[in-house]
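Read from first to last, the chains carry the letters A, B and C; within each, the first residue is number 1.
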Amino acid sequence: MILKTKLYNKTYEFSSVKDVLAKASEQKSGDILAGVAAESKLERVAAKVVLSELTVKDLYENPSVPYEKDAVTRLIQDDIDAAAYEKLKGTSLGELREWLLSGQTTGEMMLAAGKGLTSEAISGVSKLMGNLDLIYAGSKMKITATCNTTIGEDGVLACRLQPNHPIDDKDGIIASALEGLSYGAGDAVLGVNPAIDTIDSTLSVWEVLENLKNKYQIPTQTCVLSHVTTQMEALKRGGRADLCFQSIAGSEKALAAFGVTLPMLSEANALFHEQGSAKGPNVMYFETGQASELSSSAHFNTDQVTMECRCYGLARHFRPFLVNTVVGFMGPEYIYDSKQLTRAALEDVFNGHLHGLPMGCDVCYTNHMPMDQNDNEALAMLLVNAGCHFMMGVPQGDDIMLMYQSTGFHDLAALREISKKHPIKEFEQWLSKWGFWENGKLGRNAGDFTVLLQ
Amino acid sequence: MKDITESSIQKTGCEEGILEPGLMWKAKQSTTARIGIGHTGARYKTNSMLRFLADQAQASDSVFTEVEDAVIKKMNILEIHTKCRNKEDMIVRPDWGRIVEEDQQKLLLDNCKINPDVQIYFGDGLCSPAIGANIPDLFQVISKGLAFEGKVVGTPFFVRYCRVNTARTIGPLLGAKVTCVLIGERPGLSTAESMSAYIAYRPHPKMQESEYTVVSNISRYGIPPVEAAAHIVDLILEILEKKQSGIRVDL
Amino acid sequence: MTGIEETVISAGIDVGTSTTQVIFSQIRLKNTGGFGCIPKIEIIDKTIFYRSRIHFTPLIREDEIDEKKVKQIVEEEYKTAGIKPSDVSMGAVIITGETSRKRNAKAVVHALSDFAGDFVVAAAGPNMESVLAGKGSGAQQLSKEKNCVVANLDIGGGTTNICYFENGRVLDTACFNIGGRLIRIEESRICYVSEKVRPLLKKEGNLIKTGAVAEGEVRIQLDSITKELVSILEQSVTLGPKNDRFHAMITNQQITCGIEPDIITFSGGVADCMNVRQEDWFAFGDIGCLLGRELAKSEALISKHSESAGETMNATVIGAGNYSFEVSGSTIEYHNCTFPYKNIPVLFLEAERENLNGLEEQIKKQLAFYNSDTGGDSQIAFAFKGIACPSYVELERMAQSIANAARQEFRNDEALILVIESDIAKSLGQAIRRQMPRDYAILCIDHITCEPGDYIDIGVPAVSGKVVPVVVKTLLFQN
């Protein structure tokens, strides 16, 4: 294993595989803040050169957090498909990149290979890929998952309807939800981030969403994004919902900062299989976002792309219905601007896909990032081409509870029209029954939820 | 021309092609979300697009502009700064935004009352306009209220490029029992003047975030500054009495 | 503080023309403000957990309520429900219909409210009756759900109380002397004819007299009277041209908003008689069933009728138990107060940005006027809208004007009570305290809308002392 190279006659030496991975990363303000980033563009390239010669085995044997010390590492390593790993372990990351991009390599072959790759290996190969590489290779993979409906079928772009309200007001949530439905949002999930994380509020928002779903016979799934323990307790008290949500992170310590353990996630998964209202078999909904580990000082001097990948390594163990990278919510100290955000989103969606996950992306930014809606719209267009499973639908992209901007109902409709993609089939049929979506575009009643109130 | 930001989001909507406009307006009363805005093709109507741009521009400007010197001069208070050199640092180096270097500490020691019951200071945080818009009313009401209850209020000052956790240094430095930072909030759309109060009993470098008692959404669009101030007076009195702050204290 | 919850018990007592009822409810109050938010305490749930059986209202004679027996009924219901008066934090006693015009009605209602719990208020007046019955029937909720105008007609023994709601808001009220017990029949003979029906009796050949057997020609006249009563009800909700009999039957006021309701709901005892197929039309000893039958035959009313409001017989008592009160804003200021305050007359001030200059004079004038009217020995409250987001300077000026006037004009044993619409009670209360003697009793609450001439009741603070329950007894529509 060689950790040293020369560029233009200057020697660049790296201290560890972890150091190579970090310095090979495209620039992110979070890696600079953590003190792990390359100091020059040339050093970054040198790290990529060194990385391209490392093998799948090198990455397997050098996890970012030691096996003995971290439950997430253990989960990832124990889940590795031994046969797939055996086939690939001698492959260098440079060769792996070419194989992924090759016209001979199908999406199915990629997904089979992905099962033999640790999160560090997947992170590593993505650092050797340009933005278009990520889109080109990523778009080949077809990944489906089934809750009440099936996400990830060919030609589908789904949407999470996110009708948040600053005080979880029922009427307010319903108002935004109805508006979203009338623009075709909501096939991935009707999912509310509650303002107050209590069992009562979880139960009451579940009831709002379940009532909507049942009243109008909407073929979709419901979720309230409170803490996993809150949802479990609410379910035990007789509440009804389809999906179990949790934010996850890439190390045991970072999970602890969220108040989460792996046994807790297993328990939740089992409980929702047993008592949730989903048809299944996929009942989990995870959210991630680069640098959440750094923000709780639980990154172990690892770069944020790699820690993010470890979230996907964790997620795939639970066969989730949805995984969503909330890419621009952490703030500019982690992802500074549109350029960094675009890169991070493309990395996350590709890396998640190679882990076999139905990846969605909350294309978003906070107001202390030097960004605006144009940047968001451009990134959303790229992600459609990258095979992103779903994006958010928020009223005009302005989330009044979380105070950030995401993609709007209109954006999803426009993206579908432009790319000739569709909502999930049963949901599309429901939409056309109400005249919200007809013949591949917004229908005669689009934007008029009052037709639902007759 | 009319100021397009004058009417509230809840009173701005598009009835075009709506079967029951009354029901749409009713739904809008329950949320400040941008619903009932119509569409042209799959895109926004010009009015709603422009309104969004205005609100986002205001929010963005409120982060990236400086608190003007004149605002601080008018309040006639001392100004210090953190380790950040500019707004850019402020945004990407939250760690620097909590560091008060020695020369600045000396300024505080030379100019401020030592060991007050309550030290109140102001920080730009992520929203500069919040200072000029809220501090004059907010501070007067808090300090008058505390003085009436016989509490000694420290010398107020302004910290440029300020993060909440400056309190971990400044609190012990000035020996205050309670430290209250009034700081600009990260703006959302249409809340580009909002301020929060972070209050801690004897803050220290190793304290937990959960040891702050927080009052947020202070602005003329949210909780009126004078009313928030009166609430803060009661909170501080209770914190002084219980010798504890944060979410574990039932206030 | 986040998510903190408190459940209190509320009582409703309705002493009506023919029946007396008691209910108890659990009222859940909760702080719905999230972490870092200013507290926001709201009523999140009301559950009726006890409904008494329906008692006949005991009378000593036609114009006097049997005070002792009513009290006995109420006491027994408290006992059966397992409720002590001290358990009850809010609610109302209401004397409705003809009963409210009995000689001793006022005394009875006050005696009951004192017994029933610390903050069970005495409600009176046909307007309040109409509003409470409308809310208790579910008509208010229906108007909110359907976003339309709903008129509730609460047809009781002695009166019909009408309330219009528009999208949940009270729009108008009216009251008519129309009810099932205006004429009573005992063993087939008329035993009582209320004065109120006199305008409808035949000038010549009237057979509706005590002692007459309710058959043949008498029965025909009874039918024509009930027909006439229903016709007046149609007119009352603008569904027919008004005649002079209409005006004669008005108790205090008719509907003046001029809006035709989208939906009509019925409550009160007579509403339950609408679908009854009676063998004996005088089963209840009155004309209630006849009136119900005529009502069901009215095409004008039935075409707009909805049964989805839900409550009929119990509407008024539920109104009294569940809808008589509201809670104040959650940042309020009080000091040295002796709760509860009951029946406090409200003096209305103009204390907005443009009236600040003359505020002190305004208060003094109002006080002088009120004192010359009443002798000035009772506790009063000032109410105003207030500035929505005042500056420190404006706040201080407001406080100074109010404190100056109070220092000069108030007696020392009188509390300074301010009832404000805008969210400024705590800041104004504190500012005033700084200007007044230390121990002066001050109560300053917000989020409450009053009108000139209202009376207000203010209960004991709840939910860690953050809010007070308030009853505004409005005389709003009584001109």
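By definition in this document, a contact is a pair of C-beta atoms (placed from the backbone, for glycine too) under 8 Å apart; a residue touches a chain by one contact, two chains touch by 3 or more.
Note that the structure is predicted; figures quoted are calculated from it, not measured.
At the far end from chain A, in terms of centres built from Cα atoms, lies C.
If you tally contacting C-beta pairs for each pair of chains, A-B comes out on top.
Distance from per-chain Cα centroids to the pooled protein Cα centroid is smallest for B. Here the spacing of chain A and chain C, counted between their Cα centres, is 56 Å. Averaged Cα coordinates give chain B a centre that lies 43 Å from the centre of chain C.
Remark: chain A and chain B have CA centroids separated by 32 Å (rounded to whole angstrom).
Multi-chain contact residues of chain C, defined as those touching 2 or more other chains: 35. With touch defined as above, residues shared between interfaces to two or more other chains in chain B number as follows: 23. In chain A, the positions touching at least two other chains are 166. Chain A meets chain B in the complex at residues 29, 32-33, 163-166, 169, 171-176, 178-179, 183, 332-333, 336, 366-368, 370, 372-373, 394-400, 403-405, 408, 410, 413-414, 416-417, 441-442, 445-451, 453-454.
Interface residues of chain B facing chain A in the complex, by the touch rule stated above, are 17-21, 23-24, 27-28, 30-39, 41-44, 48, 52-53, 55-56, 59-60, 62-64, 91-95, 126, 186-189, 191. Taken together, the chain B residues at the contact with chain C in this complex read 22-23, 26, 136-137, 140-141, 144-145, 148, 196, 214-217, 220, 223-231, 233-234, 247, 250-251. Of all residues in chain C, those touching chain B in their complex are 1, 4, 35-38, 147, 167, 331, 333, 388-392, 395, 422-427, 429-431, 433-434, 464.
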